[in-house]
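Written below as structure tokens is the structure these notes are about.
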Amino acid sequence: MHIPDGFLAAPVWAALDGVALPAVALAARRAQRGMEDARIPLLGVMGAFVFAAQMINFPVGIGTTGHLVGAALLACTLGPASATVVMSAIIAIQALVFQDGGILALGANLFNMAVMGVLAGYLPYRLWGGGRLRRFAIFAGGFLSVLASASLALGELLLSGVRMPVSVLSLSMTVFAVSALLEGAITLAVMQALETMQPDFVRRPAGGRGLALAAAGAAAVLLAAVGVLFASTAPDGIYRLAQLTGIGGRAGTLFSTPLSGYEIAAFGSPWLRKAGAGLIGLAAIFAACTVFGRLAAKRSA
Amino acid sequence: MLELPVRQPGPLDRRDARSKLAALLVFLVVISTARSAFPETAAALALLLAAACVWARLPLAAALRRAAVVVPFTLFFVLVCWMAGEPGRGLALAVKSYLSCLAVWLVIATTPLPALLRGFESFGAPRFLLMVAQFVYRYLFVISEEARQMAQAALARGGTARAAFRLLGFRAAAGALAVLFARSYGRAGEVHRAMLARGFRGRLRCLDAPRFRPADAAFLAAASLVPVLARLAAERLA
Amino acid sequence: MAAALVEVRGLRFRYPDGTQALNGIDFSLEAGESVALFGANGSGKTTFVMHLNGLLAGEGSINVCGLAVESGNLETIRGKVGLVFQDADSQLFMPTVLEDVAFGLLNRGMEPAKAADRARSALQAVGMSAAADRAPYHLSAGEKKRVALAGILAMDPEILVLDEPTTFLDPPGQRTLADLLRGLSQAKMVITHNVRFAQAVCDRAVFFERGKIAAHGPVEEMIARFDWDFVTEPTKFARR
């Protein structure tokens, strides 16, 4: 779900830009694997593959078709850092060339799909990919990656003040769940076909090492997706949470930067300001989890 | 697939990618954060974009059609806002996203993507990521063409379009994707070997980047100020 | 007597999956020669040429321009051996034609301005100057092949190696390429199934069979000996 420009409130897109861009830069450094530019052709061509793969239609029954999103597949075959880089490149091109997704909202879309989508797609595989639950792990990866991306997007829209009646909210979540199931199924089917064809394509996850960290990471991602959605429907809850964690005050000062005067004039609603502050706090927590998880995984690998 | 109109280059094509990007960002912020006197602001900015389109010698009709890409998405939210009793917000969403799309299109229609990516590098984006994006764009059409041929071959075996979807089946589609994956992976290896054969030793070197000229600075100043002034004027006069 | 440009003795190579692709190849190439490489698919032709610039490494001895093909010499050797791949799309990987042709020069450390100039000359040599700022995607197969050749020529190689250059080319494109190649003074090795193209461009031919060179000699002789032309006797598929 690519969010266009004009939908997100300034605090939301600004905060997400601030979170996503460093996360993607970190992923880029890891994906290089110290080989400078040697991996560029591989990641580039596989990015083109994901684009092209969206042309191949999978029958869903009742006359409709769906297609692969790809974050989980990339994560299981190229590794999470490379997958994030590839997805980021794709999202950037979609925004610039096809106007699918906004430019100011690029941070949000990158966060939802290239960072969280990839993490959610990879973590089940990292946890259970080496054992008997392998097929479930792959399916779960596909499922969670789409669910997390879509939920985050929805949450960000709600936080930005788009009010949704409960009926529409439930309908949206249902559609997300169906897409997520489809992604899980497609990812699993393609991975199985790949293994039959060329076992080297599919990485065997290390398993064992860093399991606790991976589990913590999984929890962080789930918290992110569910938390933002919950928080967005109860703005006061965020504010209270922010106050509790002591971030609220600091976020307030963050807010009174030179730019903020402009924003506050533009957003007279105090609710939005509170939500914005809360979101910055939450986003900071998620970013910290991601960075911590990656650094720790790097050390244990 | 996007096919940019083949046309004579206009004044906007000649401007440095960085100046266009910076101006675009300013415009997007101005339209995105517009709140009070919205109809007037939107009208002023829309006129501005139309004028820019004409000045850049871009076909206005094509531009308007292109920006409509965002409409299906926004239509849903217009409905949602209407159901929630806030039709004004829904309309504002639609207008903001449409005008933002139009602005982005103006930039991409007058700037080749590799130049834009190079421009992002000046803004601090990681070089590795930008080069990957450059390669994605280069091979986008090549791999899509392979995918299209595979889909067409399946269609040919299936008879009619509808029959092909049923006939293709889940497993077959997954198999097709796996084959495409393998071919893409193989091509990546070929590209790497072609790079090695011409002396690649680890770092992709590029030809000189175009220089930032006074005309670019003038453009940037003008293109940044005008939307801001237009919005302030609209808000003042409304 | 001047040393041969390429001197291969007893080259063997096995792929990781176990296939013995090369079974002892002896080959030599003198300056100015044009050699066609014939052989069935999978007989080792492409595998062989990839050893000449060190993309693959097997057992046996290979010397290119007097240097052994080993890791210390690869940079020099890759400047001497210009390999044009079968699929031009895999070779033209930069966003514009000019950047692609300049790629090899920039890798050598040449100044960007000088590299751009040399690239333009190379494009002129193949008749593609007008395409300098275009994206490779928009070129026809023949144009892409010429640009790929320009990218190699810009590096001033002593040996040109072309892997099935006429695939994807229509007859006029093949003609243009043949004329172009005939006008170049470098030694040439051309892997091809296109016997007419081989006759037009090459003086002699070698015939690959299951990883070995079964025979070598003039092009016409190899074609006749191995029945390597698809023109069959008139009576064979006569309509009734």
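By written order: A, B and C. Residues from 1 in each chain.
The rule is short, and it goes like this: a residue touches a chain if its C-beta (ideal position, glycine included) is under 8 Å from a C-beta of that chain, and two chains touch if they have at least 3 such contacts.
Bear in mind the structure is a predicted one, so any value in this text is a computation, not a measurement.
**Q** Would you kindly say which chain has the C-alpha centre located farthest from the C-alpha centre of chain B?
**A** Centroid comparison gives C as the farthest chain from chain B.
**Q** Have a look and report which chain pair racks up the highest count of C-beta pairs in contact.
**A** After counting contacts between each pair of chains, the winner is A-B.
**Q** Mind checking the centre-to-centre distance between chain A and chain B? Centres are C-alpha means, answer in whole Å.
**A** Result: the chain centres lie 21 Å from each other.
**Q** Provide the C-alpha centroid distance between chain B and chain C, rounded to the nearest whole angstrom.
**A** Inter-chain centre distance comes to 39 Å.
**Q** Chain A to chain C: how many Å between their CA centres?
**A** The separation of the two C-alpha centroids amounts to 46 Å.
**Q** So which stretches of chain C touch two or more other chains?
**A** Within chain C, the residues that touch at least two other chains are 93.
**Q** Multi-chain contacts only, two chains or more: what residues does chain B have there?
**A** As it turns out, chain B has residues touching two or more other chains at 113, 134-135, 137-139, 142, 187, 191, 195.
**Q** Going by the contact rule already set, what residues in chain A reach two or more other chains?
**A** Touching at least two other chains: 41.
**Q** Could you please specify the touching residues of chain B with respect to chain C in the complex?
**A** By the definition above, chain B touches chain C via 112-114, 134-135, 137-139, 141-142, 187, 190-191, 193-201, 205-208.
**Q** Which residues of chain C touch chain B in the complex?
**A** Residues 50, 53, 55, 75, 78-79, 81, 83, 85, 87, 89-91, 93-96, 98-99, 102-104, 106-108, 112-113, 115-116, 135-137, 151-152, 155 of chain C touch chain B in their complex.
**Q** Okay, in this complex, where on chain B does chain A touch?
**A** Touch list, chain B to chain A: 2, 24-25, 28-29, 31-35, 66-67, 69-70, 73-74, 77, 80-81, 83-84, 86, 89, 92-93, 95-97, 99-101, 104-105, 108, 113, 116, 125-126, 128-129, 131-140, 142-144, 146-148, 150-151, 165-166, 168-171, 173-182, 184-185, 187-189, 191-192, 195, 202-204.
**Q** So in the complex, the part of chain A that touches chain B is made up of which residues?
**A** Residues in contact with chain B: 4-8, 10, 13, 21, 24-25, 28-29, 31-32, 35-38, 40-49, 51-53, 55-59, 65, 68, 77, 85-86, 88-90, 92-93, 95-100, 102-104, 157, 161-165, 168, 185-186, 189-190, 192-194, 196-198, 201, 262-263, 266-268.
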